[in-house]
Amino acid sequence: MTGILTASDVGKSYGSGDTRMAIIDGLNLSIAKGEFVSLVGPSGCGKTTLLMCLSGLLSPNLGKVGFKGQVVTAPPIGLSVVFQDYSRSLLPWKTNLDNVLFGMRRVTGMDAAQKKARALEILEAVGLPGFAGHYPWQVSGGMQQRVAIARGIASQSELLLLDEPLAAVDAQTRADMQDLLLDLAKRFDQTCVLVTHDVEEAVYMADRVLVLGPRPTRVVREIVVDLPKPRDQISTREAPAFLHARHEVMELIRSMRQGKALS
Amino acid sequence: MTRQTRIALWGLLVPLAILALWQVAAMLQRTPLFPGPGKVALAIWANYPVILRELGITLLRAVVGFGLAAVTMIPLGIFLGRVRVIGRVLEPLMDMLATLPPPAIIPLVMLFAGTGDGAKVVIIAYAAAVPLLMNTYEASHSIHPMLSRVARSLHLSRFETMRLIDLPSSLPMIATGARLAIASSLLVSVTSEMLLATNGIGTFLQRSQETFKIDAGLAGIAFISLAGIIVNAGVFRLEKNWLFWHYRDQRPAE
Amino acid sequence: MIPGIAVLAEKFRVPICIALVLGVWQIVFVLGVVNEKYFPSIPTIAVAFGQMLTDGSVIAAWATTFLRALIGLIGAALLGVALAIVSDLSPILSRGIRYVSDVLQPIPPAAFVPMAVFMLGLGSKLYAFVIILVTVWPPYLNGVAALAGVGPVQLNTGRMFGLTNWGLLWRVKLPAALPEIFTGIRYAATISLIAVIVSEMLAGRDGIGFMIFKKAFAMRTPEVFGLMFLVAINGVLLNGLVNLLRRGLTGWHMRMMERSE
């Protein structure tokens, strides 16, 4: 398999002996450079666990994860994670700007002034001009989320792994953030893997949707979303291709749920 | 006059009433062994140069002992909290140390190291070490796992993680430990001077008793209290400046 | 493999710690780095400790010290809670008591002893005075904070059921504040033990504190270690008693905390 990020026959379980619980089993995927891929699956199916394995923060029990042709054993440079628990992932004793700069510690070929200029540029791009000097706990949850995204991009990232970044924001902010994310991915050349349990969001954002099965999870279906970019909150959501993809994913998820209910 | 200042002023009646009662009791007793606040005030005036000098010696030793404990125990606590297995295994040992009241080691250290400055500094360092180590370990041990993940995904080395993530996020509890350690250092500093008399405010108190100058002794105590109040206020200021992010009084900007 | 060892090590951590201490001790002894006079071997200490346990005077000193700490602690806890209640009733008295605590709290127990000896003698009055004076502050400070922190919902619930101000204090505020007060009492127990040991060392008549000092001057190192061990046991006992009482009075709170974890 080729691609910037690959997973082959990945298996992961927690615990051992009687309390052993298989979370991922025989999962394969490949993400091409520049793609925007959504991973959808029900809560608790192992999405966060999968993302941890893909990022090198957890090592899978079985199989291999590869990033740019190298086997991943620890978080590689060029890959960054925006955690589901984003507010905890920011350092409260640093300002938003310093949090972003903290993500740039390993960035080479820039002096301090250039780093700062770059960090400010990214903060502005995520819609936070004027909040660089604030502390994360002085701004709202949605803004903290953007700081976390800015930190991810700033660390010379090529691949962003986003774990349910919009699960906790209200509907309007959510739509804005979706468009912002798409815009950022293009502007900063990011390949993106977005984990979500919201089917509409998965389809709206992605070039390709991977549907995850119930635990122990693996990719059960791949749906290519053939919609033009840039996406538009109103017209994209009315396009036949959007409705078609949405229908397919929802039906699949419903059948999985019924299957579970029967078994 | 606001309600707050009114309360603050009326409140002064409580210490004033205590002082008045004390004065009356002393006047009834008529013995230099039970001087009243008036006598103590005169003694303060008569003895303050000596008291300040001796107190300075005491505080200097306390600072050196506390400093020694801080530079060794804070890193050790971070390390034990981070390298989980070692920390967990050694927990009972730390608990054992915590059950022993620090002054109980004074006679022992005296046996090993005599009664000089070195011995006293060792005792103070031990007294300060226990609360510093316990609190630093507890803090670093219970850091949210999310922060370790952040550290790893930002490619920090182990040492950098301890310095840039574990240390700052442990600071609030380290501050609690430091406050206990400061009280403890002052306590054993004075006690050891009283027992192993050479110099310092403790020795001054002991001499005052031996020469029946109780008023001078109480004057010395007044200065100890003052020093304690000043140190506490200083610590409070430092905490406000360094740990504002922990106490976060500001509301979100949105 | 490595995780297996780690789990095993954690399971047996108490014996490991004891073995570690004894082992290092014995190695230092055998190497003879420190003069044997100051650094007796483990068996020597054990023998000395055993002999002390059969020696009536040591047991008596032990009991004396423990009782002093216990009685002082009880007095300090009751006084501390009383002061906290008074502070809760009157803002002016609250401020006034706070002035007094700010002034007295930084003073170490040792400083009081020589000044009080002439007026109070070397007996129980001295110990009660010194211990209570330094031990009362944690229960008092925690009590004030906890009583002030009882939420309006709880208070209004009480009022709705027709409780008077006194009823509110006894039935709502004090029970709600007890867990935090006990945190203060636990800290007070530590201070109480320190205060007794220090006072005994300075008063120089009886108790374990005095005995340690006497043995140290006589260069009876093994006995010094044995006595230190007894002091530590006092700490464990006192803590155990406080915890027992806490479990009885605030068991609901402890179970609630366990559940929320």
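Note that the chains are named A, B and C in the order they appear, and that numbering of residues resets to 1 at the start of each chain.
The working rule: contacts are C-beta pairs under 8 Å (C-beta built on N, C-alpha and C of every residue); 3 or more make two chains touch, one makes a residue touch a chain.
Everything numeric in this text was worked out from a predicted model, so none of it was measured.
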*Viewed as a graph of touching chains, is the assembly arranged as a line, ring, star, complete set, or other?*
line
*Most central chain, Cα average position*: B
*Take the average of all CA coordinates in chain A, do the same for chain B, and state the distance between these two points in whole angstrom.*
49
*asked:* Can you work out the whole-Å distance between the CA centroids of chain B and chain C?
replied: 17
*Rounded to the nearest whole Å, what is the centre-to-centre distance of chain A and chain C, using the mean of the C-alpha atoms as each centre?*
52
*Counting only residues that touch at least 2 other chains, which ones in chain B make the list?*
none
*Tell me, which parts of chain A touch chain B in their complex?*
52, 55, 57, 74-75, 77, 80-81, 83, 85, 88-89, 91-93, 102-103, 105-106, 131, 134-135, 137-140, 143, 155
_Can you tell me which positions in chain B touch chain A when the two form their complex?_
144, 146-147, 149-150, 152-156, 164-165, 168-169, 171, 245-246, 248, 250-254
*Across the complex, what residues on chain C touch chain B?*
6, 9-10, 13-14, 16-17, 20-21, 34, 38, 91-100, 102-112, 114-115, 117-119, 190, 193-194, 197-198, 201-202, 209, 212-213, 215-217, 219, 221, 224-225, 228, 231-232, 235-236, 239
*Inside the complex, what are the residues of chain B that reach chain C?*
7-8, 10-15, 18, 33-34, 85, 88-93, 96, 99-108, 110-112, 183, 186-187, 190-191, 194-195, 202, 205-206, 208-209, 212, 214, 217-218, 220-221, 224-225, 227-229, 231-232
